[in-house]
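Take a look at the structures below.
Here come two complexes built around chain A, the first alongside chain B, the second alongside chain C.
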Partner chain A sequence: MGFLTYLDRIDRRIMYLLLAVVVIVPLIFPIIRQKTEITPEVMKAYEAVEKLPTKDAPRKDYKIAVISVFFGPGTMAENRPQMEALVRHFFRRGVPFGILPFDQAGTTLAYNKVDQIAKEMNKEYGKDWIAFSWQPIFDQTLQAMATNVPRTLGRDKRYNAPLTDTKRFPIMEGIKTAGDFSMVVEVTPSGTVPAWISYIGQTKKVPIVYCPTGVMVPEGYNFLDAHQIVGMLPGLMGAARYEAALGEKGFATRAAGSLSTSHVLIIVLIILGNIGYFMSLRQRSSS
Partner chain B sequence: MFFVPLRGYSLGLAIGACVVLGVLLLFLLTQVPHRYRKPIIIGVTFLFGWFYFLEFMIPGDRATAPVRGILRSAEHKLRLAQTDLEAITVIKGQLTVQYVEGGRTVKRLIPKDELKNLELDKGEVKVVHEDKDRPRLGEHDGVRRVMRAREIMAAAVADLRRAKSEIERLRPQVQRQLDQESKKAEAEAKRYKLTKEMLARDEQGNILNQRTKALRKRIDDLKDAAQKKIDPTIATIESARSELGNLSTADVESIRSVAAAKVEDVSLARSTLSDNFLTPYKETASNINAVIGSFAIGLGVFGLMSLHGKTIRRRRRGWINSLAFYVALFAMALVGFLQKYLQQKSGGQILSDALYSGILFNGAYISLQATMFSLVAFYIVSAAYRAFRVKSREAVLMMGAALLVMLGLVPIGQWMTSGITHVGWLGSFRLERVQDWIMTVPNMAAQRGMAFGIGVGGLAMALRIWLSLERGAYFDKQL
Partner chain C sequence: MHGIGSVIISHKEIIGLWAGAICTLAIFSLLYKENPVYRLAEHVFIGLAMGYGVFITWSEVLQPKWWDPMVNKGQWWWALAITPGLMYYFIYSKHNVWISRIILGATFGFFSGLAFQGFANTYIPMVGASFKPLAPTPGEAGIGAFSSVFNNVIFVVVLVAVMGYFFFSIDHSARSVRHTAALGRWFLMFAFGAMFGATVMARMALFIGRVDFLRTDFAPFVPAWFWYVAIGLVIAAVLMYLTWPKPPTKPEEADAEEAAPS
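Presenting the complex of A and B:
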């Protein structure tokens, strides 16, 4: 009885230690390898990217995709693999895209990652992809982009050169307003997607793929059901599912093992806590 | 006429003058008697609100009105055709697939969208037969509806052609207006002896002011509407019409979605031609908004400095943390400015990268932020353990749903029910499907209910603040 009642008040230091172990061990030794199912919202995102115009599209159909980076170091573990999976898909299909950072720290995080993938896949800056400069004000930037993209975003991150310099940045050729975006990918830990829907998605008819962190996922289903977004990568698991759809095994697939073990730990702790709770109740009522 | 320098020292002077003017205005506001302050602030706020409201409500200029009218008519016709096509029953596509399982060949009929999952599940899957989506003619008066949709589409195409020729007629007119305005702007620049710094010019060297910018935008909008929206719509609708003519191969569902997409294109073309006399000032209004918003950053830094300054001066408990704030603030700012300077010196790039990117940014800032957030994971585990106690029926429901969602999300949960087939009603009991159902049905219903509630509450709150019914709102007392 003593042990069972102890389950009602397990020392939290033990829980912290257990969590650290179940997160770290599968990350270092990927012993848990389950198949990752592709859910409908991820499949929709994948199919939407498959339909995007490539850089070789005829002049009248040429558009660029935009990856809005709203994440910082705090949610990098969840958001960066989502961005990475989509970037790999864009590069693989030859879809031209730009990264548009709204988080100061995220600017460097996203840029370094995309630059690394671009080098791996032999993609050229300015032609296959571009990094826009950091934008401090969100709503006004979206509103202004609806009428003039190069003027609103100003300069690129790498050379600090104006985006109107199409000799240096052929990717920007013919890109005037947000209507010239083929897709917007919103990688975010915050509730920022409604602004994209209002200012760009609905008015300019640009498809939006939403990549929220796990806690923001429940809200995302409303937008998906209303066709305001075309697909969603829910948290780190969304990234792992996207990697499965791409047939690749990146960080997200490896981290899915850690997610599994940590979720199981939480469930076990909840069950143990309830056993302890009932035992304590019984002990109190009998005494 | 109000000219603003665009570059050089004069721009710095202008910015300084604007800051002084802003501070002066704030000071004057503090001197205004209390009973007048509230109406002044409400008046200014209403003015901004009215600007956006009127810009949205006032119809576009008279010249483009005929084009908009024709486009509206085309849009209406396309919507009618879309409605007709929607009423026709479409058999959902199915695939007959074949794969090897346990050494024997299995043949199975599955929905189209299950193919990817089955491939992941079983490896190589061969599609033996595909049932295309077809109109089930005769049902819901299918043939008559298809024929009528074709006729309506033909009328819509005629409208679109008319709109295009009207645009072609308008473009030279607007170009002439732009030329006249450019000349007028040049004459004004000469008369007021404006320097290069005070004038913005486009690639052709024409002066860019509010009026010329608006006219240039109109020319671009007309060109885009004709070439990027109307031309592709005509081509697509013509091809959809011919597809519909051949009833045996027609794929009604895809034609309907094409028509729906093109309706949106026409609607977009119409809305881009709806600029009114207030639209050119929208960018200026947004800039004013942005500037006012940016003042908040300055105020925030000022507030933090004053708070921590007081803590250090009075040696309050934890003053060392306040000192850390000052050190971090100045170190980051100093190295940030130094970085710009060092980049121009030989070898300075390496030093600035090491100092700014290496130590302060990647080494301290990013690591600290990541650490702060990762601590949340530990608190979540502890909180879940303590909070999820089965104390009532509602708690049982909530815990059950939470456990199913948690398991359905991760591979280990999906593995637990991986023995259940993907196809058929049994497939609905797979944990990832159960999780998906919980998220898309009960969760979505609850989320929408909350969103409505929050929306109505937010509106009421906004009105209260706007009308200064909230205590202390809009400089009511504090200023």
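Presenting the complex of A and C:
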């Protein structure tokens, strides 16, 4: 009885310590080998990317994908692996794409990561991918892109050169409006995907892949069910599942074991806390 | 230059790694107790974010899109953009606050129009998608048809029940909506549970991200003695916590302890 009532007033620092142990141990010693199941929403995203036109597509079919970067350092651990998994898939298939940052710090975070992957995979800036400059306003940028992409986005990030310079940026050849986007990937910790759906997805019929943080995942299923997005990578597990679909093992796959053990601990603590609470109630009512 | 295996990094990057590791540990120190090291790290982060924001705003927006055309290309009319910008600041003047209301009103009107368009394009297709067939559609047969219909029935039941819960024109104790609203409340509880689980995943992911940084990026470039000292300090802190005699806490202190950030 004493131990059970103690569970109701257990010091939170002990719980933090336990949490640290169950997160750190599987990361250092990958003892948990769980099969990463590829869920339908992730598979749909994967299949949608598989259908995109490549850079060698005929002129009339040529389009570029856009990765909208709305994350910063605060949610980097969740959003960056999602972006990385999709970037690797784009590079592997030869899908030309641009990264479009809406977060100040995310501008550099995303650029550095894609640049690193591009060097690993021998991809050329301006030809296989491009980084647009940071855009301070979201809704208006999307609306303006619907009619003129190069004028709205202005310049690239690396050279600060105009996007109309197609000799320097052959990737931008023929890209005029948002209708020339083959796909939009929204990597975000916020509720920003409705704007993409509203201004670009619905009006220009551009498929959207949604990469939210875990907190935003439940809302995402509404968009998926209404076919407003073609696929979704739900949080870090979504990135791990996409890595499994690609046959790669990145940070998300490494983290999957720690995520599972931490969830088990939280469930156990919730059960123990409730047992302790009811035992305390009973003790108080009997005394 | 420092190297490990095939990876060579510069002194600048080494300093960056150490700064990242120290700030990470300083922020996590809050989990034990509020302390000056945590406060320092917090202020450093806020200052850095603010300074970086100002720099990016100038270098990627104001300079190329406003200053350069105005000063270097002779497009003097860009100077007129200062006027509406300055109008916002009249909000601090009691006599001339009306000037700020003009620009604020224009901004609100603009965003209201955008919001209306956004709402219509985002939610009306959802309403359309909620009309689901409750009988097998042509071409569906067998277990596939059964599972599709079963899913749709669940969808419609949940939709009606939750809508019933938010229907406040009739008292929820009335027989017509009592059970539907109660069922809707249960379904909402399930949804909140799913959100809680997803939030736990999100928070754990952030923690895992920092731990992975310490292990993968930082650890290979620090000497072994650092880890021995760090592990020794953690063990010493745990032992001290477990064995240190605790003074009796006053009721109000206990309440404050409960209300501490978790």
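The rule is simple: the second predicted complex is superposed on the first by the 287 of 287 C-alpha atoms of A that agree within 3 Å, B and C clash if a C-alpha of one lies under 4 Å from a C-alpha of the other, contacts with A are read in each partner's own complex, and residues count from 1 in each chain.
What we mean here is this: a residue touches a chain if its C-beta (ideal position, glycine included) is under 8 Å from a C-beta of that chain, and two chains touch if they have at least 3 such contacts.
Everything numeric in this text was worked out from a predicted model, so none of it was measured.
In the three-chain model built by superposing on chain A, chain B clashes with chain C. Of the two partner chains placed around the shared chain by superposition, chain C is the only one that A:Thr107 touches, whereas chain B remains out of contact.
By the document's definition of touching, of the two partners only chain C reaches A:Leu27; chain B does not. In the superposed model, A:Met237 makes contact with both chain B and chain C. Contacts of A:Ile197 after superposition: chain C is touched, whereas chain B is not reached. Contact with both chain B and chain C is seen for A:Tyr16 once the two complexes are overlaid on the shared chain. In the superposed model, A:Thr5 lies in contact with neither chain B nor chain C.
In the superposed pair of complexes, A:Ala144 makes contact with chain B only, with no contact to chain C. In the superposed model, A:Arg254 makes contact with chain C only, not with chain B. In the superposition on chain A, A:Thr188 makes contact with neither chain B nor chain C.
The contact surfaces that chain B and chain C form on chain A in the two complexes overlap at residues 12, 16, 19, 23, 74-77, 105, 136, 140, 143, 203, 217-218, 222, 225, 234-235, 237, 259, 262-263, 266.
Touching chain A in their complex are the following residues of chain B: 113, 116-117, 120-121, 217, 220, 224, 227-228, 231-232, 261, 264-265, 268, 271, 282-283, 286-287, 289-290, 293-294, 357, 361-362, 365-367, 369-370, 372-374, 377-378, 380-382, 384-386, 388-390, 399, 403, 406-407, 409-415, 418, 430, 432, 436, 439-440, 443-444, 447-448, 451. Taken together, the chain A residues at the contact with chain C in this complex read 12-13, 16-17, 19, 23-24, 27-28, 74-78, 104-105, 107, 133-134, 136, 139-140, 143, 154-155, 157, 160, 194-195, 197-199, 202-203, 213-215, 217-218, 222-223, 225-228, 234-237, 251, 254-255, 258-259, 262-263, 266.
The touching residues of chain C, when paired with chain A in their complex, are 31-32, 49, 52-53, 56-57, 60-61, 64-65, 111, 114, 117-118, 120-122, 125-126, 128-130, 191, 194-195, 197-212, 215, 238, 241, 260, 262.
Within the complex formed with chain B, the residues of chain A that make contact are 10, 12, 15-16, 19, 23, 32, 34-40, 43, 60, 72-77, 105, 108-109, 136-137, 140, 143-144, 147, 176, 179, 203-205, 217-219, 221-222, 225, 234-235, 237, 240, 244-245, 256-257, 259-267, 269-270, 273-274, 277.
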